[in-house]
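Consider the two complexes below, in which chain A is the common component and chain B and chain C are the respective partners.
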Partner chain A sequence: MSVLEVSHITKTFGSKHVLSDVNLTFEEGKIYGLLGRNGAGKSTLLSIMTNRIFAGEGEVKIDSENVDDNDAKLGLMYLMSEVNLYADGWKLKQIIKDSESFYGSFNHELADRLITEFGLDINQKFGKLSTGYNSIFKLILALCLPVKFVLLDEPVLGLDANHRELFYSELIQSYSDNPRTFIISTHLIEEVANIISDVIVLDQGRVILNQPVEDVLAKTHSVVGPEKDVDQYTQGLNVIGHDNMGSIRANYVYGDLDDRILPDTVQLSNFDLQKLFIYLTNQYEGSAHHEDK
Partner chain B sequence: MSVLEVSHITKTFGSKHVLSDVNLTFEEGKIYGLLGRNGAGKSTLLSIMTNRIFAGEGEVKIDSENVDDNDAKLGLMYLMSEVNLYADGWKLKQIIKDSESFYGSFNHELADRLITEFGLDINQKFGKLSTGYNSIFKLILALCLPVKFVLLDEPVLGLDANHRELFYSELIQSYSDNPRTFIISTHLIEEVANIISDVIVLDQGRVILNQPVEDVLAKTHSVVGPEKDVDQYTQGLNVIGHDNMGSIRANYVYGDLDDRILPDTVQLSNFDLQKLFIYLTNQYEGSAHHEDK
Partner chain C sequence: MKTNKVTQYLFRRQIIGLFEMYAFLFVAFLILPFIFSLISGSLSDYSLAEQMRGTWITAAFGVYMFAISTLSYENFKFLIQNGISRTTFFEAQVTVYGLLILIGNTFNLFYQYVVLMPLVHAHNTNIFMSSYVNYFHNPFVGFIFNFIFSGLLLVVGTLIGMVIGNFLTLFSKIVQRIILIVTPIIAYITLMYTASKLILDASFQMTWVANFAKFILGYRATGAYDPFPMMISMLVVAAVLLVIVKYLFSKKQLKRE
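So, the complex of A and B:
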C-alpha cells in the first residue's frame, strides 16, 4: 500500500500566503474530494505535489521518500489540470505514445472504449481541441496511465451534462476494476458527493476540514421551526448559517447536538456537502443570505 | 408586454447545419432555460438574436418589429456571453459608464451591492479579471441595465459554489423586484431547474422540447422493479433510457402512462430535468449506461 504525504507545505507568491503549513495524508484506494473556493490554494497544492512548482517550505513524500526530482516516485502520480503540458501542434496519438513510454504502460483497451464513448477524434492536434474535449483527452490519459495516484483538477471543465455523467460512471468503473487513489478538485461539489470517500476543504491556504464524507454529513443538522424555538434549541451549538422563510427559521449546525431535548415545533434533518462547504467558507461576504455567526 | 420572436432561423457554417428552422417565442416576465449539448447551437442562436452574427434565413422580432440594425429594439436586450465585447485595457468603471450611456440608465444601487457581495474590484482593468470575475462583472451589467430581455450564456462559468449560490439568489431577487424575461443557457441543469419557468432543448440545431418545466417534469416517470414486470408495463410507452441494478430494472418513460394498471412489484416516481435532458440528447453515444431505445 502506497501512501502520499504532504508535510508542512507553505508557499507564498510575493507577499501573499497561498498555502500555510498544509499537512495531509492520502492513502491508497481512497477517493478524495479536494474542495476550496477560487484562490484557496488547491491548484497550487496539486502542482507542488507533482513537482511542477516548488514549495517554499515542507515536503511531499511517497512511502517516506521525497518526490523532488525523483522520477520513480513522480511516475506514480498523474496530474490532470488546466495547465497544458503538451504543444498545440502535437497529435493526440503522439501524446499518448510519449506518455506511454514515460509511464511504462497504457491501458489501450480502456482508452479505445473511452475514445468511442466520448466521440474524441484521436487524429486531431492538441491545440485544436475545444475546452470540453481538452478536458476529455486529459481525463483519458489520467484513467489509462499506470499510476497509483490520479490527481484531477477541475476534471469536468467545459463538459456538458451527458459527458459529465459518462465521466463519473467511467471513473467509478475504473476505480472498481483497479482500486487506486484519486484526488478530485472541483467546484461541482454535489456531483462528486456520492463518489468521494473523504473530503478535504482548503480555505485561504489552510486545511479546515479533512474527514470521511460519511462522518462529515452525520454532523450536519438543519434545525427548522419557529424562530424563537430554533434559536433557543441551537444556543451554544456551532451554528454556521441560517435562513429565514417568513416566520420560519432554519439554523444550520455543524457538530454535536449534545443530546438536547427537541421541542415538538422543531424539525431536524441533515444538509448536503455543498451547503456545508458554502457556510464553512463564506466568511468574506456580506450576503444577507449566508451570514456566518 | 413585449414579446421576442424567433422565426425560421437557419444558419450554416460551411457545410454544417448549426441551426435548422428554429421557431421560438419568448414572453415577457418568464425565465427560460435554454439547454443543449456542446455544439447544439445555443450560443449561435443567442448571438443571432442579438445581432452579433447574422442568420442565413429567418428573422428575429420584438413586438413584431425586426431587430436587424434596429437600435431601439436591440437596446431592449443584453447578451452576457463568453465572447468579450470589451478591450482588455478598459477599466470596469469605464465600461459601466459606456454601457449606461448606450442603454440610457443603470441601476447603481443594485450594482454597488453586488460589487460588495462578490468582492469585485471596480478599478481593475477588464483584461486582468479571472474567468470567475469576468463572469461576475458581466452578470452585474446584465442585472443592472434597463433591458427587457436578459440573455445569459453560461452565466456561472468559473464561479465557485458560494458565488453560484449568491448569483442564483440575486437573480431571483432582481426578477422579483423587476419582472422581465431571462433566457439562461447552462450545462448546470439541476442548479437552474428550480429557477426557470420554461425549458427549451436544442439538439443538433433543432428545437426538440419547448414547454413549462412543471408540465415537462409531470411527464417523467421512472418505472422500477423486476426486469420482466417493468418491461411488460412499459411496452409501447416512450422509454427513453434504462438502468440495471442487479436484477432490478429502471425504465425511464417520457410521456403518458395510458392509465395502465401498475403491478404491485413495480414502483413509479418522477425523475429530474438533468436526467431527462441526458436521455433525450444522448443518441450519439455508445455508453452502456445510457442506451437510447
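So, the complex of A and C:
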C-alpha cells in the first residue's frame, strides 16, 4: 500500500506566493479531485510532486522516501498536463515505445482499444495533433503506463462532450480493473463530482478543504424559506453563501447542524460540490488563513 | 537506477543525428560540387581528391559534438516526464558523449591516416599533427598520442558546450537572449581594451599571459612542441567542467513557458 505524502510545500515565483505550507497525503486506490480557481497553485503543486520543478521548502515522499532525484519513486508517478514535454517531430508510436522502455511495461491491449475508440491516428507526429487529440494521446499514456499514481492536470482540455464522456467511463473502467491512485485537477467540477472519492480544494496556495466527498456533501446544507425564518434558523451557523429569489431566501451552510428546531416554513437539503467550491473559494478570497484538514 | 535505458535512448537519438550530419556533409561537399561541375560543363576541373583534401570531415565532428552538447532541454523534458531523475540523465548523457567521442575520434583518425595521408598527401590534418607529432620519434606512439590528444580536445569542447547549454537552460528564453547578446559585447570590449592597453601602455605588458600560454601549449624554441602540458591541462579542465556540468544538471527544472 503506497502513500504519497506532501509535507510543508512552499513555492514562490518572484514575490508571488504560489503555495504556502501545503500538507497532503494521497493513499493508494483512491480518486482525488484537486480543485481550485485559476492561479490557486494546482499545476505548480503537481509539478513539484513529480520533481519537474523544485519546491522552495518542504518535501514529497512516497512510502517515506523522498522523490527528489529518485528514479524508483519518480517511476511510480505519471503526470499528464497541458504542458507538452514531447517534441513536435516525434511519432506517437515512438513516444509510446520510449515511454514503455523507461516505465518497464505498457498496457498495449488497453491502448489499442482506446486508440480505436477515440479514433487516434498513431502514425502521426506529436506536433500535428489537435488540442483535443493531444490530450487524448497523453491520457492514453497515463492510463496504460504501470504507475501507482496517475496525476491528471486538466485531463479533458480540448475534448468534445462525447470524448469527455468516453474518457470518464474509461477512467472508471481502468480504475476498476487496476485500482490505483488518481489525482485529477480540473475546473469541471460537475463532471468529476461522481468519480472522485476525496476532494481537495486549494485556494491562494493553501489547502482549504481535504476530505472524502461523502463527508463533505453530508456537511452541506441548503436552508430555503422565508428570509426572516431562514436567517433566524441559520444564525450562528457557518453560512458560506446565499441566494434570494423574491421573498424566498436560500442560505448555504457548510458544517454540522446542531439540534435546533427546523421551522415548518423552512426546507433543508444538501447542495452540490460545485456550489460548495464556489462559495468556499469566494469566502476565502483575500483572507486565506483557514485550513480545513 | 535506469541509467542503461536512458543511455540507450540518448545514444540512439544522437548517433542518428551524427549519421545525418555526415550524410549532409557528404552531399554538400562531394555530391553538390560534382553536380554543379556536371551542369556547368566543367567536369574536368572536378577532383575528388581536391574535395577531400580539406579537414572539414574531422572538424565537422567537433562542431557536431559542441552543438549537441549545448542542447539538453528537449531530452530533459522527455526524461522528467517519464520519471527519470537528473542524476541518471547526467550519467547517461556523459556516457553517451564519451561513446560518441570514441567513435568519432576513431573515425577521424582512420580518415586522416587511411584517406588524407596516403591519397592526398596531407600531413597537418589536425592540431596534434601540425604541432606535436614530431615530439615522438616512433610513428605508432605518435598515433596513440594523436588519438588521446584529439580525444581530450573533443572532451573539453563537448564539456564547454554542456556548461554553456546547461547554464542557459536555467534561464527563461528572454534572459537567454540577453545573455547571448550581452556576453559577446562584453568579451569584445574587454578584448579591445586589453589590446589597446598592450599597444599604448608600455607598463601594461601582461608577459605572464604569454609565458603561461607558452607553458600550456608546450612551446619549445626549437623542435616540436611538448604535448604533455597541454594534455594534463585538458584533463584538469575537463575534470573541473564535469563538476560544473553535474551541478548544472542538478538545477534543471521545467521552465514556465
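The working rule: the second predicted complex is superposed on the first by the 282 of 293 C-alpha atoms of A that agree within 3 Å, B and C clash if a C-alpha of one lies under 4 Å from a C-alpha of the other, contacts with A are read in each partner's own complex, and residues count from 1 in each chain.
The rule we apply is simple: contacts are C-beta pairs under 8 Å (C-beta built on N, C-alpha and C of every residue); 3 or more make two chains touch, one makes a residue touch a chain.
Predicted model, so just to flag it, every value in this text is computed and none were measured.
**Q** Looking at the overlay, does A:180 come into contact with chain B only (first), chain C only (second), both, or neither?
**A** Neither chain B nor chain C is touched by A:180.
**Q** Determine, for the superposed model, which of the two partners chain B and chain C contacts more residues of chain A.
**A** On the superposition, B touches more of the residues of chain A.
**Q** Does the superposition put A:188 against chain B (first), chain C (second), both, or neither?
**A** In the superposition, A:188 contacts chain B only.
**Q** Name the contact category of A:61: first (chain B only), second (chain C only), both, or neither.
**A** It touches nothing on chain B or chain C.
**Q** Is A:91 in contact with chain B, with chain C, with both, or with neither (first, second, both, neither)?
**A** Touch status of A:91: no partner.
**Q** A:17 contacts which: chain B (first), chain C (second), both, neither?
**A** Neither partner.
**Q** For A:30, decide between first (touching chain B), second (touching chain C), both and neither.
**A** neither
**Q** Check whether A:116 is in contact with chain B, with chain C, with both or with neither, and answer first, second, both or neither.
**A** first
**Q** Thinking of the overlay built on chain A, is A:165 touched by chain B (first), by chain C (second), by both, or by neither?
**A** So A:165 only meets chain B here.
**Q** Mind listing the chain A positions that touch chain C in their complex?
**A** Where chain A meets chain C, its residues are 13, 47, 50-54, 69-71, 74-79, 83, 85-87, 98-99, 101-103, 147.
**Q** Any idea which chain B residues touch chain A in the complex?
**A** Residues 36-38, 116-119, 130, 132, 158-166, 169, 187-190, 274, 277-278, 281-282, 284-287, 289-290 of chain B touch chain A in their complex.
**Q** Which positions of chain C touch chain A when the two form their complex?
**A** 1-2, 5-6, 8-9, 74, 77-88, 250, 253-254, 256-257
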